[in-house]
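You will see two complexes here that share subunit A, one where it goes with subunit B and one where it goes with subunit C.
Showing the complex of A and B:
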């Protein structure tokens, strides 16, 4: 029992006091910074060209959404799941299998408006089943089981040729065209991604303040007391997995449209761990954290090579940089970049201005 | 044993019948009808032996993992990196000195040292925060993997088997009978048998050390309740360092073993991390006999699966894990 208890204390959000305070209103509405970010995101196609728009910002939003599903589970449910990318990859595979692609012997050729709901449903079922398995254990065991599920899926896609087409994967997946718009063209696609990301962000934000989300946070903090109060602890956890799976599935559909192909490399164990890194680096106490983490990750991944070469090092050591950065974050801030930012803001603000107070640690 | 038979007579019967069937499959000469149905006996025996020896390797990796977890509640996700590190060290030693035995010793010492450094420099600072420790091990495994890729490149390495172990030997198991009535015996690589024997000896030594010595008693007490153990005046930090060194060293030895009868390359670290995860989930976290049983089951499932249902071999492994989680979430041989 002590194991899981320690884990929960570790995850518990330092911002929970503030959340409780703002539980009944949309906290972002009266924050000018949030409005500025929203406007910048909306007019982004005017600022950035195709490369930045898709490779940086759309990728950030997609990875951020997958990490958001992990943040939802870890931050509000206290369950660190490493299979969120696997669920996204599963949804992507299902879009490729039910939709249209070059592999005509595998793809069923359904139109996108049938294939996508099918993929999302299956991904949600897949994630919920995995979650039902994972909630049988607690704390760090969850990490191990979800990692094992993710790895098993990776090896399975590598070996299975009938559905997943082995290690070559499925290529040239069709993307939607309707209303005379090619939705995979850079600018429409960016807006699709932005809309989905915003939808997921606000959905998570809303759920965290809805009765279900509050009960989930109660389960995270003290499952025994919640059980004594009459809440079905495991049902809440499995439901959280279902919500997170749906979010991850949405991001997976976007990913397969973005790359137009899916292969086992996209669901490898390393990629699963990348999602955890993104969520932890960004901070898992608030929905905005994963997006910040994803931006940092994508910027590093894209520019670390040039940067490392410029300062005279081997450009291939990008993962070393990511790993060291992750270690530094884990060592010095349990709450990622958000935690650092909050600490910095608190230290540059007069004492009387502190909202709420009473934040035990952070 | 007798209590188990008394409490579950039906299960005991099933187990006894299964064991009898397996023994018959191993020792009897297969009738032609059976060979038509499931293939040659030689294939079956080879898969069986490969599975058992692979289980020995998995046991070496997983026992260190489960030992570290059992005492320190630290899920060391960098364990695969320690395995690969040990393998590379063993390769370097055996390539430069030509001594296979020496490569084991050096790999053990160096990986144990890495383990000591990890425990002293990293994990001691965040004791009791197991989630954070796990995150740190993930970060470390990324850093290690990249450093090793930097130092060793992406090539495949294989450690040279010493001359006295090269070549197959005849086992007293009849695979078929020639038309002349002369029996054909199973030929099997000697090195794999020796390695399996060594892992059995290591396993028994660990069991004896844990159950028959004073330090083993301290470790078992620490697994049960480390706070009370510390309160009785045992220098628990020293025990932690010792156990971490032992667990890491075992991973290093396993790396040399794996480098001898498989190969070393980037990505093997994740493969063996996954294997040890599944093995300890099946066998029960923190239990050495559990690791042995889990390793045997997973090794057999992987090898028999890859022979008889090649496309779904990994699914069999996974299904075993799911089944165990559904029926006994704490693992087959865990006490809690």
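Showing the complex of A and C:
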């Protein structure tokens, strides 16, 4: 397009475009804190015992990955979906149904390398169909439809005995053993979870700067304008649900391997809302947020009980602490813990370092 | 029957934009009544009229933001009446909005890049643009063309009003536009910015036609060769700028500011 050419205002040379592009591709590479976190996560089995490794860190990474799928939809696409845990639970059920378990009348006994792709495919289809319903609405109605899907699935699993085995669920689900390794043993399982979480994290981070992810953010900011630029907005939204469903499905597979069982309790409406809380508390503006939120959630869930008992309160009140934390976060920092962190860092940095060259505190 | 269809499409083939009997109702209110307009390729036309005359509704019908209640719309001979907006855009139609419709959370560069990507392949691509991405360079050029290079990497939310209006125009010029609808592009601009706008509009390649809604006669009549006057959702008068300016009825209704 040659419209007009005015070189007066041009300060940077156009050749810098490619450099800018490369520089912002992987901002984490220049961040020493990210390297430290990565190294700690990699050597974690040397530091932490089995309890911390699985109950705290692997659980954080699994819940964080489900919340990441919500962050992808809500943070980039502006779609708040309450069915992400349901999709993970569906994938978990499918692993149990197609794989091996104690419920021989239900489980088909496929090997894990067949059952898992099948479960992921079905979970992606399930989530995409749910998304196709939800994208016809916006805002609160999207939340209602996805919540309804979550609630319906919970009650369905409770009442269906032929596939989901009712309220008892499916027990003793087989976990993979190959190359002489029991992949459900604490240390191998931790690394499997870490690898999947890292894969999902970097995939979301990468996609956010690819045309699909940029377009999704455009849909979030102004769907009508996106249509006026040639984008099929609903198709983009449905595709985002497909991506998010696949991510949630991966986490669901890990969850069923972790607990070796799946029952309606794992896909309850309360658990669906926990994912929303995790994502909001951590912050939905960046992919790291859900993992921070999940760590806070898991730490509170695990230790708040002892803490509350120690100060003479009912241990089951740990949700009260989470609720209060949630209130505080949405009240003081709409972008969660990462928002607090970013603001703290900005206020402790020299003026010239700020993005935008110190143009105020915006 | 085929020959009739062929002849009908041949009638529209010469026009860039052809509206026939377009009516748009909002409930009982007729925002547009039986509007028939033909615009040649490369023609530049102003649509004038007081508030509520139906000018923006006309644009919304042409782009498909709101489909017309009845009537047909042809774009370069093709019946696009029932096409969704994005299909019309991919055929070379573009528009700007009266109130800037941008992506405040993204940078200027990303806004323009999205506009370039929207009218080309790979909208769903999961691969980041590489170092020599053609669309990234196209976006760079477009940012430069609307004088926004200095703020290329700033988020749109941080831009001044005038810069947002310029970006609004850049988004409408991405790809290979054949016909552009400008909805009050000068709204809220300073005299200097208006001069720049006139420069941008007059230096558009000759094959790109446009319709401009503009209240500022200094801008509107300098950048068009024909004028359509609208009143209460109907076409009221068509002609060259000089005719319209000197028409007593028009002066009473619009230019003189004679509101009821």
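To be clear about the criterion, the second predicted complex is superposed on the first by the 332 of 362 C-alpha atoms of A that agree within 3 Å, B and C clash if a C-alpha of one lies under 4 Å from a C-alpha of the other, contacts with A are read in each partner's own complex, and residues count from 1 in each chain.
Throughout what follows, a contact is a pair of C-beta atoms (placed from the backbone, for glycine too) under 8 Å apart; a residue touches a chain by one contact, two chains touch by 3 or more.
Given the structure is predicted, the values throughout are model-derived calculations rather than measurements.
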(request) With the two complexes superposed on chain A, say which partner A:212 touches: subunit B (first), subunit C (second), both, or neither. (result) second
(request) Based on the superposed arrangement, let me know which partner A:106 touches: subunit B (first), subunit C (second), both, or neither? (result) neither
(request) May I ask you to decide whether A:340 touches subunit B, subunit C, both, or neither, giving the answer as first, second, both or neither? (result) neither
(message) Let me test your reading of the model: by the given contact rule, A:198 touches which partner, first (subunit B), second (subunit C), both or neither?
(response) neither
(message) In the overlaid three-chain picture, which partner chain does A:221 touch, first (subunit B) or second (subunit C), both, or neither?
(response) second
(message) Contacts for A:242 in the overlay, against subunit B (first) and subunit C (second): which applies, first, second, both or neither?
(response) neither
(request) Would you sort A:137 into first (subunit B), second (subunit C), both or neither based on which partner it touches? (result) first
(message) Using the superposition on chain A as set up above, list the residues of subunit A that contact both subunit B and subunit C.
(response) 3, 6, 10-11
(message) Per the contact definition, I'd like the list of subunit C residues that touch subunit A in the complex.
(response) 63, 65, 84-86, 89-90, 94-95, 97, 101-106, 110-111, 113-115, 117-119, 122-133, 136-138, 140-142, 144-147, 149-150, 152-154, 158, 171, 173-175, 199-200, 203-205
(message) Considering only the defined contacts, which subunit B positions touch subunit A in the complex?
(response) 73, 75, 77, 128-132, 134-136, 138-140, 142-143, 145-147, 150, 270, 274, 277-278, 280-281, 285, 310-315, 317-318, 321-322, 325-326, 329
(message) Can you tell me which positions in subunit A touch subunit C when the two form their complex?
(response) 1-6, 9-12, 14, 17-18, 20-22, 25, 206-207, 209-212, 214-215, 217-218, 220-222, 224-233, 236, 239, 356, 359, 362
(request) Mind listing the subunit A positions that touch subunit B in their complex? (result) 3, 6-7, 10-11, 80, 133, 136-137, 139-141, 143-145, 147-149, 151-152, 155-156, 159-162, 269-270, 273, 276-277, 280, 314, 316-317, 319-320, 322-324, 326-327, 330-331, 334
